[in-house]
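First up is the structure itself, then whatever we jot down about it.
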Amino acid sequence: MPLRHPQLRADGKLAHLLTIEGLPAAMIHRILDVAASFIGVAERDVKKVPLLRGKSVFNLFFENSTRTRTTFEIAAKRLSADVVNLNINTSSANKGESLLDTVDNLAAMHADLFVVRHSQSGAPFLIAEHLNRNYQGRIQVVNAGDGAHGHPTQGLLDMYTIRHFKKSFTELRVAIVGDVLHSRVARSDIHALTTLGVPEVRVIAPETLVPSGVEQLGVHFTTDMKKGLKDVDVVIMLRLQNERMNGALLPSAQEYFKHYGLTREKLALAKPDAIVMHPGPMNRGIEIDSAVADGAQAVILNQVSFGIAVRMAVMSLLVAP
Amino acid sequence: MPLRHPQLRADGKLAHLLTIEGLPAAMIHRILDVAASFIGVAERDVKKVPLLRGKSVFNLFFENSTRTRTTFEIAAKRLSADVVNLNINTSSANKGESLLDTVDNLAAMHADLFVVRHSQSGAPFLIAEHLNRNYQGRIQVVNAGDGAHGHPTQGLLDMYTIRHFKKSFTELRVAIVGDVLHSRVARSDIHALTTLGVPEVRVIAPETLVPSGVEQLGVHFTTDMKKGLKDVDVVIMLRLQNERMNGALLPSAQEYFKHYGLTREKLALAKPDAIVMHPGPMNRGIEIDSAVADGAQAVILNQVSFGIAVRMAVMSLLVAP
Amino acid sequence: MPLRHPQLRADGKLAHLLTIEGLPAAMIHRILDVAASFIGVAERDVKKVPLLRGKSVFNLFFENSTRTRTTFEIAAKRLSADVVNLNINTSSANKGESLLDTVDNLAAMHADLFVVRHSQSGAPFLIAEHLNRNYQGRIQVVNAGDGAHGHPTQGLLDMYTIRHFKKSFTELRVAIVGDVLHSRVARSDIHALTTLGVPEVRVIAPETLVPSGVEQLGVHFTTDMKKGLKDVDVVIMLRLQNERMNGALLPSAQEYFKHYGLTREKLALAKPDAIVMHPGPMNRGIEIDSAVADGAQAVILNQVSFGIAVRMAVMSLLVAP
């Protein structure tokens, strides 16, 4: 049976970043520590370090996401890597080439790192296992989102954000609000929070937007926003996908906002110093009110800034000599 | 009331380049002088200067224009900046994110400069005001074309071209020919020419392709090509948009060429050393005859070369420390 | 009458790379020798050399091909060039600008090298002749595939691969199998093999997929796979284009595989140390069986690696001072 997590080397070091599931707490903290050392780079006059000079990073996007691609592209460029963007919808995939043939082809160009986005869960794992088997660990993979499965750099940047503002994880109450069922971010966050010792993770959502047996992930589930937000330190709002809004799972966007949209009134139930997070892009007036999105407790843009540093950290840990 | 031109700092320096309207003549000349210093860079063996090394330039194109994007991309790369291209049709805009949320997101990645193209007039102003309000002047905007409003770097490169070939503005007669109504170039040029002291600017066009009250911009208007071209020093031809050619505003492309297409015969009415300009892409045989486009008086490709230097000048004035 | 091959300078040096047709054997060997010197670059820690620093390379793709574009982009970046990708379907071509006006425009930006892909045979020749006429040899062209005509860097990398594994060309039997009629690779390879002194080149294909008079190219033609593969040293498989598979030219993909698909059994007819090549992307189970594609005799991924070095060689021979 193949290993479920080809991301760890025999010596315990990170070979790929595929999922937060199974990452030891010490490794998560290590990544966040390295990220902290990159925060300053973005504030320098010359926002570059030469760590990945002459390395070839391929943004291999089988699903379009300008936003996510941009974060990895800018992170790689600030590490001085050579970056090539491949949007594979319009390319070899059309010509019927298999995923692994595409990967082999780019590997033969002496790729150092693949940043992989795919609509199908598990695609980055498949690629990583293939690379481990055939390229002696010379080529690394970062999962930039695979179907509903995970989005580990988003999970890590969320942890960076919480650690930055709350210092420690071990006393926190964290609420995750919204469409947990379809959210790769939610899955990554739940795994990370649990691993880092957060004693109470709550999921707040309508029944139709939660996977069955969600409690087995170690979280408390409630459909009641008021109950769920009571005294939390951190609120992680999830994006409501457009395609859900008028579908069978929800009555309407307006109805959703009434019950689950984060307003000042609902936020007042959380601790006074609670922070509000959102992975973006936001639907203002649907899952979050503008007064909250732009309010003093929102750390949504900090997440983005930290995200660049976290991606630089992951890339440099994987690739830098 | 917000300032109409958030592009000027309190100290009179350039904070953004949004429009030529309101730019003092001294500032236009300053930009052209800096551009002149970059002309030589493109002729060197190594066409690069390190002025923007480690800076992050985002080409934020809400409207597709490979041609314009390329000019800014090459200019930024010759300044050694890191450039990221974002084509927002196919991205967050689809996901319903607001313009300013997109901007905040990229600003949080520590962007230094946004080159903005948008189909709606005023979008770059909105972005610049937002950045001024929220980022203490750390992030700059260049308008790369907003609706029918303006295209200031095109205006500036046109002024560079005229200054290069005619040395001085104060004795010139300049004719602008064609679809002034829909042309952002025409508006930018009229403002620049007037500011720089050109005593006579003529607009030559059919009635249907001129904004009502065009004379209030300080130009002379005529529908008569022969009268309009008489003794001019500079002819600026405008592109006839495909969508106008068979629309209600014009009888046909052939008819247009007959009356307003620049031929050798018509050009002979101008001064013998008159120069012919065009912002490109040209419709040969519609607004301009090939004999003129490729003739000795055409400076159309010089405009393109100067355009790179002008964009380097604008970027370095805005961003370089 | 214009020269058919504007790619050679008066002094016999390479001015452009447009076609393998007419390239002297010595020049092919020279390119392969330079490529050999670049093989090591891709294995270094810093995979870059400064040969094209500050040069502007434009990937001018009038036909989409992410795969080919990527190979040139990575090659140019490893030479430290500034690379701009232009996909012209969605750009000026739509606005009705002529091919040569587009080229002039980019030339005026002080381009150093155009990598041109076009669906029409001869387009890169047209561009090269235009540049020779108007830019005194300052701007070079590499043909990255023009219609069914040619794909010279693919031909050169195939020669590199054969030379690498077989050392010499003068004793070889080479079989080219498949859709020769529509293959630019086949044409390039046949010219190169003949020029380099391969005594026996065989074309194996159904009658419907071979140009009439193919023997006039100096090859032996057979429809019989078994006869054709007998004792060959090199097998070059061609990709069966999707659009042929169910068209009038072929009964079906299954039928094609039965007769012309390369299986272990058929390959056993070749010499025991025969190598198997394919330009990619492969249709596994159609023109090639997976057991062969992944087998010990396949050098398909070596071709890709060598291809980067060959493209670096071509670019540096054309552009480096």
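For this structure, a couple of remarks:
Labels for the chains are A, B and C, by order of writing; each one numbers its residues from 1.
In the analysis below, contacts are C-beta pairs under 8 Å (C-beta built on N, C-alpha and C of every residue); 3 or more make two chains touch, one makes a residue touch a chain.
All values reported here derive from a predicted model rather than from experimental measurement.
Chain-to-chain contact here is organised exhaustively, every possible pair of chains being in touch. Here the C-alpha atoms of chain A line up with those of chain B after a rotation of 120°, rounded in steps of 5. Between the CA-based centres of chain A and chain C the separation comes to 40 Å, rounded to the whole angstrom.
Shared contact sites, meaning residues of chain A that touch two or more other chains, are absent.
On the chain A side of its complex with chain B, the touching residues are 42-48, 64-67, 70-71, 73-74, 77-78, 242, 280-284, 301-302, 304-305, 307-308. Against chain A, the residues of chain B that register as touching in their complex are 53-56, 82, 84, 86-88, 90-92, 95-98, 101-102, 104-110, 321.
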